[in-house]
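Okay, so chain A shows up in both of these, paired with chain B first and chain C after.
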Partner chain A sequence: MLTEVKNQLHVILLSVKYNIMREMTNRVTFLMNVSFMMLNNAAFIIQWMLLFRLKSDIGGYGLNDVMVLWGLSAGTFGLAHVFFHRAFSLPDLIIHGKLDSFLVQPKSVLLSVITSATSSSAIGDIIYGYMILTIFNFSFSNLLLFTLFIILGALILTAYAVIVGSLSFWILRSEMLSENLNNIMVNFQTYPDGIFKNVIRFLLYTLVPVGFVVYQPLKIILHFNLMACLGVLAFTIGICLLAFFVFYRGLRRYTSSSLMSARI
Partner chain B sequence: MDAITVNQLSKTFRVKVKEKGLKGSLKSIFQPEYKSIQAVKDISFQVKEGEILAFIGPNGAGKSTTIKMLTGILYPEQGEAMVMGINPALKRKQLSYQIGTVFGQKEQLWMHLTPYDNFKFFGTIYDLKDHEVEARIEELKQVFELEEFINTPVRNLSLGQRIRCEIVASLIHRPKVLFLDEPTIGLDPVVKENIRALIKKMNREYKTTIFLTSHDVGDIEKLCKRIIIVNHGRIVLDDSMENLKYHYLKKKVVELKLRDAVDLSDEDGITVLKSKGNNVKLEIDTTKKDISDALKLIDADNILDINISNIPLENIITEIYKENRQTLMKGSDTP
Partner chain C sequence: MRKYLFICKATLMESLQYVMNIALGFISFFMMVFVFINLWNYIYSDPSKLISGYSRGQMIWYVILTEILWYGTRNRTLTVQISDDIKSGTIAYGLNKPYHYIVYIIAKHIGEIALKFVLFLGAGLVIGLIFVGPIRDFSPLRLPLILLSLLLGILINSFIRMAISVLSFWIEDCFPFHWIYDKLLILVGIMFPVEVFPQWAQPIIRCSPIYVVSYGPAKLVIDYNYSTALEILLAQLIYLAVSFILLMLFYQKGVKRVNVNGG
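Here is the complex of A and B:
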């Protein structure tokens, strides 16, 4: 069992390494992707600075808090897309029968699939996340917590993408739905949770669990709370297990690329 | 021992049916209709260890669906398949150590890596130790003559070189059964011949069981001793190549260049395939009329040139695709 996990991890790391090597094939494009993503993210700092000139408190957050929120958001997104980029295009793989080559290999289909591509611009997101933390709220403990939470957040984002992407096993042409749900996850990460009330707030901790990706982590970074920390960890484990369950249930319905249903 | 045992395997796909036009599209949103298409119907067969089997059929016959059920890609709806004693639907991972797959139309190799790096990656996937992979690469490099391009990125290789690498990648873990789905598609005749020779060599040297699907009759004729033809999801023929030729090559094609035109259209056992001026192409059913009897119908002095040949295997297969095997056999056996 332990050897199996070790071998699986070895394949994942090798896969990620080869993905990054592929992205680096064109040096100029690679560096442009990374730096432009950082620049793109930085543009939002100005927007928030202007807003905080008008009002010092937005949804219970100050400028530094919003910036760390952005850092967490960029870090989780970046990490998820560097390691598990294909999780976000799962419907395309399912609908167009591109899982075949992963199914004939003696490794976890899900892990092999989601680690089979990377996004070079996502490296810019990770660097940007750490830069923001360094500028706006740096301490050694914050650095450790930030690293822990972007790892957990990336796992939640990926698991969520796998769950909504796996809908394609059951619902034909559900790629738009899963794309929208993934976008909602990202969009809601960049606003203070204090501005959301009642039903929306409930949804942000259930159907679109942004709360566990950035809101709770931010609160823990600002005021450490072990129980809250364990809560995020438990949620991460739970959603990852659910992602595996949903994907493998759906896999039984996989029709490969003979795609008789596509000829409708 | 049997490498593959298939027992009454079936698979049905559910297909959405839509009426034409925008109205049909709107209707299908609110009242979707589905129909079932049975891609594979009660298929049963066995393949012995070390055998090279051609599994062929026209497009949509169910051969890819069958191969995918045998490799664990698709779950069968009914029936059971065992490959090297393992049920693909239940123990996919365990099975993958025993099988190799090459899908001619789907690349498994990383395009930006060299074949060598690719083989190392596949070695890791199959949990091989470094020195084992190195030894295996060295061995396969010799057999498949990869020396020239083993360190060239895959994207810069020709199609033939790439297919060779695809086959090597699928052999890295010494599979007992190799599934080849259209391995020579898009290749030129010389490279095709080369790939066929390598497949034969592999079968001879490693005793690998080979399950081949191809639309190329040359692949089938030159590699396989046994042939299974599927059509409309059912097996319509399961026979040795020798028997196939014995049963079906009872017809000869005679091409004649004559001094004066001759009408043979009313003769029993003779079918005029083509007649243009003094050139005629005849098909002679040797169960009804001997070649010599047929030729006696034409004055020897009238013949300027003659060519007698067997019906190409391609035509035989096409005929089997079109008709039910039993009907065809009955027809050819009629004295």
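Here is the complex of A and C:
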């Protein structure tokens, strides 16, 4: 069992390594994508500086806290898109019958699919996340917690994308729906939960689990709480298991389009 | 001109087949607007408070209108298609056809966004009326000027995006430039009216395309006065001419670099 997990992890790392090498074929474009993504994220600092000029606290947080929230969002998004970029375009593979080449591989189909592409600009997101932490709230313990939470957050984001993407096994043309649901996750991630009220706040910890991706981790980074930490970990395991279950349940309904394709 | 109208009409008819896809796009739009409604409600803890001269209702309506412009006019034709046509060499097929490639893209773009924009406008108005209530002091008599300003704003935005995409003649990936433009538009034009920015930044923003693309049309709806309307329309006309000339200049220069190698 342990050897199998080790082998699977090795395959994932190799897959990501080759994806990145492919992305780096054109160095200039690669570097531009990474640096422009960092600039893109940094632009939102202006938004928050303006908002904090109007009110000294927003949703119970100060500027530094919101920046760490942004760092967590960028980090989780970046890590998810570096390692599991294809999870976010799952409907396209399902609808157009592009899963065939993955079905014949000896390793996990789901993991092979989702690790088969990498977004180069997402590397910029990860770097930006760490830069933000360093500037706005650095300490060694925060660095460790930040790293832990961007890993867990990336897993939650990916699992969520797999679940909503797998809807395509049952619902025809659900591409837009899953894209929208993924966008909702990203949209809510960059605003503090304090501005939302009762029902919405409940939804952010259940149906759209942004709460476990960034809100709860931010609270733990600001005021450490072991139980809350274990809560995030338990949720991550739960949603990952659910993603596997939903994907393989849906895979039974998959029909090939006999599309001839090559994975390069 | 008739052929371009026909292209526009044909694309519009095609988009009618995908109304459901457009409707699903409302989810993202609604969520974004919803986040801003919550954000502004939080900042305006006292509903009678004015921020930079705007009431809570005006501020939320501003965001709704600029988001309508953003979501209702976004189109891959102006960005992805032009870049792909240039990079793949497909543009060569468009050069020997009896139309001008740039005008063809504009006609296609208008056909593609017409229905989408109207639907987003309707959805935005409903959301605004439910969450904020009617726009203060709004008069239907101003509609012709507002619609003209909206149309000019959409055209200027299209010309600028096309001019950026045409840069693909020289650089392989022009998307970083689209990102910058998008970010400028989102941060400076969509989220806040110009007056919220520090005094020193306001003249710079008023000279930028953001002023004519998103601030101008939205301002005329939420806080109309005759002199502002004239100022905005004049600025829009200048920007329309400048952006179109630049676009054509880039295209004429770039298209000479096309090198077709059979196949």
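The rule is short, and it goes like this: the second predicted complex is superposed on the first by the 257 of 264 C-alpha atoms of A that agree within 3 Å, B and C clash if a C-alpha of one lies under 4 Å from a C-alpha of the other, contacts with A are read in each partner's own complex, and residues count from 1 in each chain.
Definition applied: a residue touches a chain if its C-beta (ideal position, glycine included) is under 8 Å from a C-beta of that chain, and two chains touch if they have at least 3 such contacts.
The structure presented is a predicted model; accordingly, all values stated were derived computationally and were not measured.
A.B. asks: Report for A:M21: first if it touches chain B alone, second if chain C alone, otherwise both or neither.
C.D. replies: A:M21 contacts chain B only, not chain C.
A.B. asks: Quick check for you: in the superposed arrangement, does A:L39 touch first (chain B), second (chain C), both or neither?
C.D. replies: Only chain C; A:L39 stays clear of chain B.
A.B. asks: Once the structures are superposed on A, label A:I156 by its partner contacts, choosing first (chain B), second (chain C), both or neither.
C.D. replies: Touch status of A:I156: no partner.
A.B. asks: Quick one: classify A:L69 as touching chain B (first), chain C (second), both or neither.
C.D. replies: neither
A.B. asks: Using the touch definition from the top, say if A:L51 reaches chain B (first), chain C (second), both or neither.
C.D. replies: In the superposition, A:L51 contacts chain C only.
A.B. asks: Mind listing the chain A positions that touch chain B in their complex?
C.D. replies: Listed in rising order, the residues of chain A that touch chain B are 3, 7, 10-11, 14-15, 18, 21-22, 25, 99-101, 103-107, 172, 252, 254-258, 260-261, 263-264.
A.B. asks: Could you pull out which chain C residues touch chain A in their complex?
C.D. replies: For chain C paired with chain A, touching residues are 20-21, 24-25, 27-28, 31-32, 35, 38-39, 41-43, 45, 51, 172-173, 175-176, 179-180, 183, 187, 191-192, 196-198.
A.B. asks: Contact residues on chain B for chain A in the complex?
C.D. replies: Touch list, chain B to chain A: 13-18, 37, 39, 64-65, 68, 71-75, 92-94, 96-97, 99, 101, 103, 106, 108, 110, 112-113, 117, 121, 124-127.
A.B. asks: Going by the contact rule set out above, which residues of chain A touch chain C in the complex?
C.D. replies: Residues 26, 28-29, 32-33, 36-37, 39-40, 43-44, 46-47, 50-51, 53-55, 58-59, 173, 176-177, 180-181, 183-184, 187-188, 191, 194-197, 200.
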